[in-house]
Structures are given as C-alpha cells and as structure tokens.
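Taking it in order: structure first as structure tokens, then the write-up.
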C-alpha cells in the first residue's frame, strides 16, 4: 500500500490535570477510510482536534507526507489539505446556512475594490450540495440556529466534502442523521475515498464503520487498543473492543443483540 | 390497553412563515414505549418541545389524563410529570456536572434560613447515576463544557431518568453514545417502562427503535404517516417509512444494507 | 441525481409579504424607531425643527456620533467592545493638534500620522485582548483612563499649562485638504439655490444653510462602505462569524485574530477621523473632547439592533440609531418641555423607540 | 451493578496541588490582583496608607462601591446588566431625603419605604426586559436617564429650586436606627483601644479611627450572604443557570423569569441601601450622587472575574474587585504622583492587576 | 512644608486646571511640597473620602473647596480637630468659618452669577438662556441660579453634555425655536462659551444676542475682542490656588496668616481688557 499522507506519532494531550490522550499513534493513507472507534470519552474528538490544528499536542509529532508539521490554527491545517467535520459542527447559529457553508472560504466575484462575496453563487451551491445529501432546504438564507439537528449536521458534512482535501476527518457525522441522509453520507465517503482522499471516520455504529472502513483503530481511555484491517476482525470482536473491553451491560442479551 | 396519559390532538406549530407541524396527533399510554420516527427536519423535535412546554402549539390541544392542559413553561410540564431529554441536551457548559444534573430541582438540607443546596449529596448521586449508565466521571465538579459529546448526553439522560415522571421523552438519546452506553440506555428505557411510565423515544436507528418500541409513529414533513404496533411492521417497512417514503439513495445496495 | 424535479415550491412555507421580508433585516427595525421619534416631534416641536437648517442642525451631531457608532457596531458584531474610543477622540485631537500647531505639518502629513498613530493604539488594544484572553471590556476600559490621562498631560506639555490647544485654524489656513475634513460641502450649490429662492436665507441674502457639513458626508459614506463590507465581502462574513462563535469560526478557518485586530484598528481610526474633523471645525482641542462618547456610540449601535453578545447587527442600524439618538437629544430643545425634564424624556424616548422598533419587527415577522 | 470495584483512582488524572485547586475558583484570582496592587503601594505610597486609619480610609469607598458591585455581579452572573444603579443611588437618596426631611418620617418608616420603592423600580426594569425581550443594557440605560432626570426634578421640587437637599442629619438626630446605617461601629472598643495606646491617636488624644464605618460591615455581610446564596442554595444554582443559557435553564425547569426579576430588585435595593447610608453620613443628597457608579460597579465585578456574557463569576470576586478599585483610586493620592497622571496610572494599575490575576490563574491551572 | 489641596474640580476641567497651575506655581515659589487631588466626577462622597485620606497624611496645611457643607463638614472638622490648618477656596465662604477653616479665598458662584445677571439685564436683556454643561453639579447649578436671580427671572436652563458640537446644535435649536431670546449665559468658556458663540454666529445673530460666559478661554476672549461675545466672568481662580498654598506655606514656616477672607472675584472681562488676557489664558494662568 502507498505511503501515508498523515501520520500522528505518539500524541499526548493534557488539559490541566486531565490526561485526555496518552501516546496515540495513527496514520491515514490516500484512498482509504480509517475508522477511529472507542467508548465515550476515550479521546477520539480530542485526537482529531489535534490532527486538525485546534489543539497543539502536549507531546508527539505530526507528519504530513513524511515531513514534520505544526499547525498553529485550523486555518493552517486546512491550507495543508485537512478538512474536518467537528462533533460540535463548528457552525454559527445566528448566521444563514449559505454563510456558514462558505465561512472562511467565501467565493468572490469582481476584481480589486469590487471583489465581493458572490452571494447568489453561494446560495445556489449550498442548496445544490444539501440536496445531494438528501435535504431540501427551504432557503439558503435560513439561520442555522433554526435548522433541525440532522439538517445542521448535513450542512457541516456537505461543507467539508465540497471543499475537498487530502484528508477528510468526520467526527460522528451520522449521529443525528436520518436513514436516507446516512446512506448518502456513507456513499459520499465511498466516493471521495475513490478519488484518493484519506478519510478518518469516527462512529459508534459498528455497522456504519464496517460498511465503509478499510482499517479500524480503537481508542480506550486515551490509548490505542490496536489497529485491524478490514476482514481481520468480526463485527462482534469490534463491538467488544469499542465497549472498552469491559463486559457489556447484562441486559444486552435480552434486547436481542440488536444494537 | 389502558387509557393514555398524554394525548396530543391535531397539533400545529408555525415559526413565522415556516410550518413545522401541520396537524399531528399522538398519544402515550402508561407502561408503553412509543417511538417517534421520521426523516431529518420532519418535525420530531418541534413536536416533543410542544409536548414538554417549550413551545405553545399554534393550533391543537394537549390532554393529560383526559383533561385539557396548557403548559406555560417546561417547569409547568415537569410539575405535571413530564420529563424530557432534549436533542440539544439543555445543559449549561460553564456549570459543573452535578449542578447541571440537579438544575431546577436542587436537593436541600437544613431548615428555614439554613435550608441549603446539599452539594455533597448532589455530587454523590451524580457520580452514582452516571456510573449506572456506564460513565466513570472523574469528578462531579468538572464543567459540562469539558465533557465529551457522549458523556454530556449521558448526563442529560441520567438526569431525566433519575427524577422519574409519568412521561419520559427522549429525543435521540443514543445518537452520541458508545456501544456500552447505548445498551445501558435501552435497558433503562425497558426498566422505567415496566414501572408504568410512558416513554416517548425518538431515534433514527431502526434497530434501537425495534428493540424497545411498542408502537411506532412516523412523521413526514410535519404530518403523521401513521402509527403501527410492534409486530405489525417489519424492519424494512419501517426503514422505508422513516426515509420519508422516497426511494433510498442508489448506493445503499452497494453498501450491503448495513445501515 | 437530477435537481430540477425537486425544486418545486415547498408546501411548508406560508406566503411572506415583501414588507415582512424587509423588516426581518436588523437594520430596518431602526427605521421604524426613527420614524416614530420624528412623528413625535412633528407634533410637539417648534416648526423650525423640520426646516432645512433645523434638519442639518440635528444631523450634524448625529453624524459625529454616527462615525463612532458605525465603527463600534462593526466591532460589536465582531464580538468585542472598545470603551476607549471617547478618550481616543481627545487623544487623537491632541496628536493632530500637536502635528499641526507645534510642528507646522501640512494636513497631508498630519492626517495620516494621526490616523496611523491611533490605529496603532487600536492594534495594541486588540493585541492585549487576544494575547491575554481578557474581556475587551476591561482592557479598553484601562485605555479609556490611560488615553484620557495622556491627553491631559500631553495638552499641558504642548501648551505650557492649559488644557486647551488652540490655533489650529490659523495653522491650516489655505491647506488644500482642509475642505475635505471641515466646514460645509456643496457651498456653491446652496448659494445658487438661495439665490433662486429655493432655500431659506438670512436678511443678508446668504443661505441659512451654507452647505452640508462634511461630517454628514463622511457619516453617509462610512455607513455605505460598512454595510457593503458587512453584507457583500468575505471580511463581512468573517466579522459575523468571529462575533457569533469565536471557536466555531476559527475551527472553520476564519482568521479570527486578524479580523478582531483590524476591527480594533478601525474603531480607533474612526475616532481619529472624528477628532480631525472636530479639531478643524472648532480650531481647538481640549482634554474633555469625546467624553462619554464611547457609551453613546454603543447606545446608538444597540438602538440600531446590534447584540451586545456579538454576531448580530448592522451598520445601517447604527446609522439610524445615531440619528434617533441625535434627534432625541437635540429635538427636545425645540419643544416647550421644561428642560429639567430633559433626561426623563431622553430615557423615555429611547425606550419607546426601541420597544416600538422591536414590536414592529416581531409583529411583521410573526415571531411569538 | 456494584460500584465499589470501579471507584479506584482514575489513571487519567494528574496530581493537582491544593493551591491549583483553590486558584481555579473565580474568586481567588482577584486576591492575587489585590495583593499585587497592595505590594505596589507598599513601595510607592506614603507610609500612612497602611496604618489603621489609612486602611479604613481605603475600605470605606471600596465598601460603598462594593455594595453595588456585589449586586451587579449577581445580576451579571444571571445574564443581565443594570445600568440604572448609579442613577438609582441619586433617586433613592431623593426619596429617602424627602421622607425624612419633608415628611419628618422616622427611619423605621423611611428606610423600608425607600427600599420598597426602589425594589419596585427594579421590578419594572426587569419586567420590561423580560416582556419585550430587549437587551437589559438598553432598557436600564433608559432608566439611567429617567431616574437621573427624576432626581433632578424631584430635588428641585423638594427644595424649591436647589439641586441639593440638606438637613438630613438634623432630621434623624437621635433616631435609634441611625447607627445601623451611618457613622462608625464599635466606637467604644476603638476609644478603649486608643486609651490603651494600641491604636494611633491625634494630637488631641482622640483615636484617629473612631470606629469601623458601618458601610464596611454591610459590605462584608453582603459579600458573605451573596457568596452563600450563590454557592450553597438552589437560588444560586438558578442564577448561574439563568445566566449561562436562558433557554437550557428554562427547559430544565429553572424559573428563569422569577430569578431575573428578583436580581433586578436586588440591585435596586442595594443601590437604595447605599443611598441611605450615604445620605445619613453626608447629611445631604444632590442630583449628581452615584454618577457613573454603575460602570464602576461593573468594572469591579469584571476585575473580580465575572463574565460580561453571564453564567460565570462570584461575589467574593466582586468583593476583591471593589477593594482593588478602591485601593487604586485612593491609593494614588498617597503617592507623589501628579494628579494629571492620575488617570494614566489608574488605567495601568487596573490593567496590570487584571492581567496578573489572569496569568496567575492560567499558570496554576495549567491552561494553555 | 507639606500641603494638600482637595477640590471638587477635576484636573482636566479647564477652570480647575488653572487653579492647579496656581497651586503648582506657589509650590515652586515657596518650595512647599504640594499635592492636588480631586474626585473623578462631581461627587461629594468621594471628595470627603479624599479629605480623609489627606488628613491621614497629617500635612502642614490643607486647602479645600466646600460645595456641600453637610457632606464635607465632618471630614473638614476632623482635619481641624487633628490640628491641621485649613483654608477653603472657591465655594463655601458662608460655612468656612463655622467649620473651622482659617479663611476663605474665592468668590461665591451664586454671587458671581448674580452680578453677571444684573449687568446683562442692565444691557437690555429680556429673555435669557443658561447653558449648563453638567446639570447636577451644584456649583454650576448655583451659577445658573445666581444668574437667574440677577437677570430678573426670565431664564431657561439648557442642559447639555460637554460635547462642543452638541452644545452648538442645542443653542441653535433653542434660538430657532425661541426667537425672543436675547441673552445667553454659558457656564464655562471653552466647553460651553465657544460653541455658543459659534452657534450665534452661524445663525447670523451676532450683536442681536448677547453671549456671556463664566471663566476664560483664549478663543472666547478673542470673541469678546471681535464683538461676538459680551464679557466673561473671571474669578481669578489662579489666585485661589496660589494664595491658599502660599498662605499655608508661610503659616507652616513662620506662623503667618491674614486676618480675613480674600475675595478673588468677580471680575468682568469686557472687550477693553480681553486682549491683554488672551495670552495668559492660553497658558492656563487666567
């Protein structure tokens, strides 16, 4: 397989007296979907925020294309080709959908002094991209704060996908999505992967992970439990690992293993 | 079957020029888990917010135990025995977990002037209840803003369950939860249902819904598509209904129907 | 996937009138407030208030306030405050007066020096806010005191003991740039209009209004540019984003720090611009110039619909907010109301104007 | 499920020192700032600043400011502002003076009347804010003007044309309640201490400090009660919740409206309390009393770590914030700094104190 | 000697900056160590606290202004009881003695206003405006009250802030809506006086409307010379600062003290005298 685009080496992250990450290594290759799994509070979001320049690692080094890099801000990471959908979505509730969609990367028209935000173009693209994901927006002018949870999540995903990147990071992108939207997102992941983009996909849903994942890394309490390739691991093994290796709650059986 | 505790009759809700609900009827009986399903933006959250006193319906009437009621505020609804876990969780990020847990219903000790917030008791209960759900909090003093997405959601659920009620409403409670936490929550729903509480459960995950649901109502674009009892409907039929009746995106097949 | 077949009208949208759509814009609520106040004075004030000269008389202080208020509104939308702009007016006046009177610099040098100097102070403000993470309220408050104090010390040094620096008018006599920053514009036109008998004149035949005070021109231009930037440029989007949620904006790639620093520099420059026009008009500057103007600017911005918490508001709103404030302050002298009641009326009128504007907007947009 | 076997120490927690834990509390950062300022004056000020009488002299204005600042802090934590408290001091002074001088009421009636009246105005403030949904900034700003104006009009009416109402001291002569609201407490003790030579005396043999001014007692009591309420009662939790996120709090069953109205009534009552002690102490009131105190109160609360956006802060912080502010304002007069530089130093000291407090807290808690 | 001055006027107030200049010159001349202090706004409670602070430092002399005898009385008595020689300046001539001050230097605001009012009435004034840039500041209110009394009653008070452009607009508004106004009294030359002159000029009413002002400023004096303003009331506040410090320094060194109050004004500056004082005013001496 090819060289990895992004390699995180032995990352640690401390918040005051809390050790959120305690030496995690991870890499993404072009054209693969690498799933990051783990229990609640395992440190997945913290890890990908380190990857995308939100946090500076307390220890450890990030390499892109083999070269050590340091991201001062998410803007730096974006410039380097890392797009990210955060779990909290990073949207401004008071701003319109279109303005949120293009936030930080506004399309312009005109030249010099007349270079201006091309709002019609932005509105149009927003509507189109949202429709591709299965959401019919009433208007691109609607404030994000008035969208439903799933509509909001879709905006964040559509945005990251639209702007393309070498690495696409998705933190629980499907958590609030309906059936149709979920299948659209998984299909989209499949599509961008085929274009040679490396995808990092976080999910608590084993089926979603197995549907698109090429490799699976499980985090537990700030440390890696190991990485497995597709086919090396069964759904049940994965599920056990994701639950942190602790025994599942006793009622699971009575619910028919349907989770 | 017994009389319904809560009956919503032909509810409409308009936001300015947006019609979010266009005549929805719904009821919950004691000891049943009634699942509310539907596509993103179908109006589920709006509907349960009307149920729990956050919004006043633009049209329609709410009955509790057969009598018409009007909730001026969520506090009124709570007093009438309705507990709710909102999709946005209704937590204050800057406040500690324990303070959020007991927000609005603080335990007190002492008498008269010395009646005070029993913080030790609150801390203890918070830790215990969270542990029951499968989350080991570091300390009940931690600010909610520093919790992971799933930890936060668990606090909201544990809170609603702990304070008990005649009707328990859960808006996508499992969306950010890990495998272990999810199975805990489903088990909890099962438990409170057995105690005669009526549960309203919103989810996009057909398996979760089928695991605990007694009846299933599907919303689409602000209107009910109908209600089915357990056993009257198959998983696939439900999935089709939830996707709004529109054909699933073409790639679904290639992903192996795993969603 | 084809899109056309989906792009039918959404059945979940009620019809919305054009008026309703317009009134949803934050800027247009303030227009209703301004109208209410104007109508109030139509009934209570002396007729001379609504003559050409009366209107200019009201617009002139409103414009001076507005130059600050528009900048303050931009900064507030961007999520920060600048309490030092009032003191900055005095400080910039000192710097400018010093350049012109003590160093005999021509305006072409004195004005850029003043603007750059003040923008520099604004940048320092911004840097401290961003570096320390302290609220801008407290940082710029410190500069409120510091700049006010420095103006006093500087004035005394420049004049040898007085708190007033004078002689600016003599010093800039004949400077080609002066007409852009002081006096009245379009004087020829007004003279001509007077000679045609279209506008009021004094007994001497001179027009009562010799022209439009330049600060009004600046005010209108500034409002236009600020509105354009806010609504039609990427920078405007960044301002809204930075004020709406700093973390989310920065996570989405908005250069939040740069935006905020630029806004701090902008407010300081606008204060300097105001100082320059005031000093050139008055011919002097003193240590109390701009006293409390920072609050009036914030008031005007809030009347115009800006949120104190950032992320929402408009320059046009601040424009009309300044006009409302100016109209109320000056307008009461045109009425027969006992001036002891001035503050009571000022407060009541502000409250009424804002409640009215709010009520109108709610009614039109059908919010609950 | 058994819990005991899980309750082991979490391996993901680093050890945290006691100091670090303490410094995390918002109130304790302000202590560091206060210490820094005190140390600065140790080196620069006249020795008499840190004698008993010097300290009382600093605490007395700090206490007067603090009575407002603590109330303002509670309100700010609850997510609202009250800009009318400064004017309320003048207005309450008028009401109180009017009761005592014009109606000859005893304090046992005059004080409750004043408090109730002002709390009523506070409630009106709150009602308007909640009913209209307007920002409290603009609503209470209107009341800033209205109350200031009414004080002026009322004073002129009460005195027949003057803006100063005098003669309160004579009117309350011998009233048994007066010692609780004016003068010095523990006078006997101080006299005795002076006669024992433990404290400084004037050449005349009288103790330099005749007692502890009652406002200091009120200040300390208020800080204690406010802290208790905030941290140890359900109401305190509601205040934090209401300020942190109004919607979330209300969705969780917090009676947000009641909490906010109560807070508005509290700030107004505290302003009235301050007015009563000031009027009794000074024996007079005028239309300018309390001018700008609303801002000083907010400044003190912010120095003490309150967030302007609500939901975070402490009463103890406001307590030390007031002391920092009082110490800087009065302390500068004990130094040889020229009055012209006063504001420059005031601003710099405030900035330094706040930056220091912030830096200490960050370092101790290991934030990035 | 170590002398402290506590006044109710801020260091950046044009009037009080002249007092402060007087204080500083006296300090230079006598070699005394002098501190000038004032509250941040007109605030009697804060001022009494500043007096207390001064007393704690046990200076060899204390200079105070007394705009509110009730509020400041206890603090001044405390100074006197502590054995500190006190001289009152500017405001408070009526209470100075009874509070234990050695003497008073200055002029009552009320009396000065009255003198000015009488003069303007004698010049033919019928209807007047008093431009007050700080309503509620008792010493400014007294100026207006005295003016009203001397002028014979027909006076409206025009409250403003001290923003020149606002004052100019308000004066224009007042003149526009009350054409029979023929007299305007401004309470401060640089803050209110100059914009008032500008307003009158822009309405083409110079000569028809008489403008007078308290205190001096170079530009206002120039307006007097040019005939755009009538006179300015000078209380020679430089003397209040200078003499008070001088007396106390001499008192500390040699026990000297004059036997009675020193009136430093009122002193009407009209066109004849104005030209001479312009330069002094520009330097902050008059």
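Structural remarks
Going by the order they are written in, the chains are A, B, C, D and E; count residues from 1 in each one.
By definition in this document, a contact is a pair of C-beta atoms (placed from the backbone, for glycine too) under 8 Å apart; a residue touches a chain by one contact, two chains touch by 3 or more.
For each chain, UniProt lists the protein as follows: A, B = Monosaccharide ABC transporter ATP-binding protein (CUT2 family); C, D = Xylose transport system permease protein XylH.
Here the structure is a predicted model, which means the values were calculated and not measured.
Within the contact network of the assembly, the step distance from chain B to chain E comes to 2. Set against the C-alpha centre of chain C, every other chain centre is closer than that of B.
Of all chain pairs in this entry, the one linked by the most C-beta contacts is A-B.
With respect to chain D, maximal separation of chain centres occurs for A (centres as means of Cα atoms). Averaged C-alpha coordinates put the centre of chain B at 43 Å from the centre of chain D.
Remark: chain D and chain E have CA centroids separated by 33 Å (rounded to whole angstrom). Taking the mean of the C-alpha atoms as each chain's centre, chain B and chain C sit 48 Å apart. Chain contacts: chain C has residues 12-13, 148, 152, 156, 340, 342-343 touching two or more partner chains.
Contacts with at least two other chains are made by residues 11, 135 of chain E. Residue positions of chain A touching 2 or more other chains, listed in rising order: 15, 18, 88, 138, 249.
Here, these are the chain pairs in contact: A-B, A-C, A-D, B-C, B-D, C-D, C-E, D-E. The touching residues of chain B, counted against chain C in their complex, run 14, 16-20, 22, 55-56, 221-222.
In the complex of the two chains, the chain A residues touching chain C come out as 52, 54, 73-75, 78, 84, 86, 88-95, 99-100, 102-106, 108, 115-117, 119, 128, 131-132, 136, 138.
Within the complex formed with chain E, the chain D residues making contact are 46, 48-49, 51, 53-54, 57, 60-61, 64, 90, 148, 151-152, 161-164, 166-169, 202-204, 206, 208, 278, 281-284, 286-289, 291-292, 329-330, 333-334, 336, 338-340, 342.
By the touch criterion given at the top, residues 1, 3, 6, 10, 12-13, 228, 231-234, 236-238, 240-241, 244-245, 247-255, 311-312 of chain D touch chain B in their complex.
Of all residues in chain E, only 11, 20, 35-38, 40-46, 48-50, 52-54, 56-58, 68-71, 73-74, 81-83, 135-138, 141, 145 touch chain D in the complex they form.
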